[in-house]
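Chain nomenclature is as follows: A, B, C and D, assigned in order of appearance, with residue numbering initiated at 1 for each chain independently.
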Amino acid sequence: MTEIRLETCALSRRFGALLALQQIDFKLAVGARHALIGPNGAGKTTFINLLGGALPPSRGRVLLKGEDITKRTQAERVKLGIARTFQINRLFRGLSVLENVCISVAERVGAAPAMFYPIGRRTDVIEESMQLLEMLKLTTIAEHRVSELPYGRQRLVEIAIAIGSKPDVLLLDEPAAGVPSAESHIILDALERLPEHIAILIIEHDMDLVFRFAKRVTVMVGGAVFAEGTPREIESNSQVRAVYLGQAGHG
Amino acid sequence: MSKRLMAIAALSISGGLVLAQAALAQEVKVGVVLPYTGIGAEFAQQMDRGMELYLKLNADQVKPYTITFIKRDSKAPSGAEAKVAVQELLTQDKVDALAGWVYSPDAIASAPLVTAGKKLAVIMNAGTAFITNLTPDFVRTSFTMWHAGYALGVAAAKQLHAKTAVVAYSDFPPGKDSLEAFKAGFEANGGKVIDAIPAGGAGAVPDFTPFFQRAKDEKPDVLFVFVPAGDHAVAVAKTYTALGMRAAGIKLIGPGDITQDIKLQDMGDAAIGLITMHHYNADLDNPQNKRFVAAWKKEYGADSTPDFTAIGSYDGMAAIVHAVQATKGKMDGDAAVKSLLGWKFDSPQGPIMIDPETRDIVMNEYLAEVVKGPDGKLHQKVIGQIDHVRDECKAQAIGPCAPKK
Amino acid sequence: MIAGIDVISILLGGLAAGTVLFIVSVGLSVTMGLMGFVNLAHGAFASFGGYIIVLAMNRAHFDFVVALALGFVGTAALSVVFEQSLYRRLYRATELDQVLLTIGLIFVFMAALTIAFGPQSQPLQLPPELSGQINLGFTQYRTYSVFLIVVGFLIVLGIWLGFEQTHIGAQIRATVDNRRMAESLGINVDRLFTITFAFGSGMAALGGGLGAEFLGLDPQYALKYLVYFLIAVSVGGLGSVVGVYYASLLLGTLDFALKLYLPKGGTIFIYALTILLLLWRPQGLFGRKMT
Amino acid sequence: MSIEAIPVEPPTLKHAGHAAASTLMRRHRLRWWEASPWLAAVAFYFAFPDYLGFGTALLITILFALSLDLALGYAGIITLGHAAFFGAGAYTVGLLAFHGIWTEPITSLVLAALAAAAIGFASGLVLLRTQGLTLLMLTLCTMALLQEAANMAHDYTGGFDGLPSLDIAPVFGVFEFNPLYPDTQYLYTLAVLLVCFVFIRTLVYSPFGQSLTGIRENLLRMHAIGSPVRRRLVICYTISAAIAGIAGGLWAQTNAYVNLSALDLDRAATVLIILILGGYGRLYGAFLGAIAYLALEHFLARIYPSAWQLGLGLLLIFVALYARNGILGLGEDVWRRYRAGRASQ
């Protein structure tokens, strides 16, 4: 059995009367390519918020490499190697693609608090950022303002920023959301080029993408885990088809 | 040593200027510093008119000289804008005299410049008592809070037979001065100030209700109110009436700021019965004033009227013209100031004099009551008079008025 | 001895002061809540309306109520012109651009009023039946204050009913809650805003006129009292009419009482209160948490 | 605070040549035109000896606007209470001088900066949790409280009448402040402005500055990449306050006078307008904004007093509608169009 990187025990979250997540026990292996699917309102994004520390859980624990990080803040978790992207772009729209990544890298390598020399002298930060963009095939647009990019590209920048903090765990919230299906392949290419060791948890509605990318799939319904297995198992699982795939359909 | 050298140098320079100007035409340039924009704009308008009207009515006094105004906006009372204005008037426009200053901060901030500029500077409204101590070149033809405040304190005790008083004042220096002045005059004559209420700021008109309600509950014989001239007065009178304080037997008194002529009609019948002490109101019955007011209405419209801010500038202009004649148009600072020490003038407000020690005005104070005239308009009826009132703050060298050592 | 002052008169005085604040500020709250448009020029509309009202009474000798109506309509009309020609272009601009535009408008209004009517203030001559004192049975009090309190209550009641009962009210609430959702539901938000903006400005005009008795009315008005309007709105909570009402009354009354008992405190109270309330409820008393 | 050592460059710099990388690496370098404001300032000194009073006021305003730009333009802290720090600095200098405790100008400025920074830090800790209108009102009310406090401490501060005739020791014990021809004041202010500007410029191009920009551009993302957002904001706010304090100190020194107006809402609003007018988040916006605003105010007011209000109002409206990002932004657009036009030919 492969080594577990991220784990949750009976993780629950309620908003007022609504129980958004109930008793989630979940394991993410090192280097996993794990998809999280389910109808809208199933609690997928809430789950990612809990893992990333954007929200505190109502009950239950989150473990990273066996260590309890439930009480850790978002910032601390990033330092421990958990990075995420957002369903709706959260980019530094006014800045160039390179700067977007640099901010993230500078933050990780601890350059960010430095006041008395220009960022331009941190060639190490710039170099690393460029390499990262190269990996994602973004060097050609590195100089462009993010706000001027087509949406698909912006989604890639979203991912690039997350990678900038060198995570072991990467939480992707619908990376292809809003991307015209003609372009969605560039997202997939990019994802496939990410380093193997990173454990990736991806929420996605585009089933082609899910089944081509994920090695393992968890289906969530009504705030609880409904089924888990390999893509083939899930695809062939009649109940899943009934509650989800059927209605979702795919292009 | 070096000081003396500098002094000599300075003298010779100013001497040079004087010669240069003597050579020029008989034009005398007066730099006017007034808040033409912002909350002070209305003062500026009144004071402009006061100065212009003096020149119109007394052309023969001015001959053979021509007075030209160079006006600068002193804007908000921060001192800074006024200072830049004064500096440029002195260095760019090379004015022969300075005039204006509605706000004390502006005059106070300008003082060092005026000293350096060595020009007569006539203060026409700024009222903080100690200002004239700041530079030997300041001469003030307007009042300080002590003129009316102290006099009213005396009158309240003696003529109105008040035993107790509550003071409500706008919470800025003139207000505090008024409080001190009234208290001094009132308690020196057996009265007692039982409460002093800071009633909001000077900038925006506050709701006087809470303050007056407090006063009403304390049941004094008189309520002495100081608010800056302008819109406060209207609100004061209205609140006083609306709270039924007159019915409760509390007399509302104050310096003339609360019955400023240009606001009087706005105050409506609420103002009837107000008793104020001041050196001027448009209804004063003397030939100079009759002539002045008539000319004013002819010039600026029947429903416009002069008030004490206008008289300050009217007298100020008279002072400048006197200095011009006395110095043969040279207007060298020291000479100009000297020519005004002890200067007497028959003003629409009655006889006035510049106190040779303090360079402040000595004038009559009139106790007046607001009455409704046969014309249906409100008027101020003089019911008492104190002659030759000086600024008691300096006369008695109280607090900041004591010359600095 | 001061303790002798009866609570009722403090309450009445405070409520009256609060009501003035409310009437002027309510429009600002709705438009800011609805469009997130930082309209600092709101006070300028108030002064413009105030001028119409006061001049209509003093010069044209209109009846008080007629004058108020004129002020409301005139200002609402003017505001629509501005909304269409200027505001509209900045809906999606940054707050700071909106600040710049609306401060610019304030300056223009102030200069225009000064040039047109001079720097002096315009006195409001109340009809005799509203001046003086009224006997409420349990106490004598300033008639106009009582009148204001009643009017204020009727206004908030009216607006509340309008919000709850009418179709347009429902649309406004929906939009304040979630603009994107409302648009996707096919609500014409721009049109909606024009209407609320006109209404809000009209209310401001009423406030300018009704409040003139306390606040006076001169070219500086828009700038002089801007802070108080913003305080009422922020403490009440953006977009919440009832919130602004309670906030205004609360601030008005507390400020009134504190001034009465501790006049030495000056303006400290209103600011201290605002700070405390906002630290306690950053969204305002009735504001929704924005994300 | 932070280790400022610059690590040795990595062995392979294969991307250094890439356009984006090299732009970023050269961005902080001085461009030829950056000398022009300073040359202009010196030229002004010789060209208009009669306008040095106005010039000094202008320089101080620029410095004040720069301090605001750091907080508002770069970190996106929307404040309407920046005069609190200007006033803190002004009163520090004023009180020390008036009560004859300390009159040496430069050290006084340092003390002014410290006093303002202290207030900035304290209020920042409490207030910077909030945003938008709430933050705006909180900063505004804090400033108002300070002003009222200064008014109540009338016996020490002189209240509305202020602290008159401050005597400030000569700069370096040599150069006297001359009230009538404020040449010393002008050059002294210019020097201080230059020093502060160099500091601010370094700051905004530094990694710290970039992270501030990040906070302005997208708060949530900064949290998501593990940035200690609140700490950064408080540090930035404190520095900004300190510089505002220096501006206030200069104001008190060059006017030899302080009063409550130093803490006024007018002042805070004006500097905000000036910054937006010139273009925020762009260093030189503060310069352009201050020059445009003050020149208009100063000279229009001479022509016809209430004209400047009208003219100013119209200008603000125009800029808001047609020149997003202020005058500087407008200039940049024009320049870009021109370049694009050239390129297309």
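Here is the rule we use: contacts are C-beta pairs under 8 Å (C-beta built on N, C-alpha and C of every residue); 3 or more make two chains touch, one makes a residue touch a chain.
Keep in mind that what you see is a predicted model, and the values were worked out from it rather than measured.
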Query: Suppose you hop from chain A to any chain it touches, then on again the same way; how many hops at least until you reach chain B?
result: 2
- prompt: Measuring centre to centre, with centres taken as mean CA positions, what chain is farthest from chain C?
  reply: A
Of B-C and A-D, whichever chain pair has more C-beta contact pairs: A-D
Centroid spacing, where centroids are CA-atom means, of chain B and chain C in whole angstrom: 37
Field: chain B and chain D, separation of their C-alpha mean positions in angstrom
entry: 38
Message: Need the CA-centroid distance for the pair chain C / chain D, whole Å please.
response: 33
- request: For chain B, jot down the residues that touch at least 2 other chains.
  value: 37, 41, 44, 171
- prompt: Considering chain C alone, which of its residues make contact with at least two other chains?
  reply: 114, 264, 266-267
- prompt: For chain D, what residues touch not just one other chain but two or more?
  reply: 151, 306, 309
Message: Is the chain-to-chain touch network here best called a line, a ring, a star, complete, or other?
response: other
- request: Chain pairs that touch, all of them, please.
  value: A-D, B-C, B-D, C-D
Of all residues in chain B, those that touch chain D in their complex: 36-37, 41, 44, 71-73, 75-80, 83-84, 87-88, 90-92, 104-105, 108-109, 111-113, 115-117, 128, 134, 171-173, 176, 202
- line: Given the complex, residues on chain C that touch chain D span 32, 38, 86, 89-90, 93-101, 103-112, 114-115, 227, 230-231, 233-234, 238, 264, 266-268, 271-272, 274-275, 278-279, 282-284, 290
- prompt: In the complex formed with chain C, which residues of chain D make contact?
  reply: 72, 78, 126, 129-130, 132-134, 136-138, 140-142, 144-145, 148-149, 151-152, 265, 269, 272-273, 276-277, 280, 306-307, 309-310, 312-321, 324
Statement: Interface with chain A, chain D side, in the complex: residues 1-4, 6-7, 9-10, 12-16, 18-21, 23-29, 202-203, 205-211, 213-214, 217-218, 220-228, 232
Query: Of all residues in chain D, which touch chain B in the complex?
result: 49-51, 53-54, 57, 151, 154, 159-162, 164-165, 178-182, 251, 255-257, 259, 261-262, 264, 266-267, 298, 301-302, 305-306, 308-309
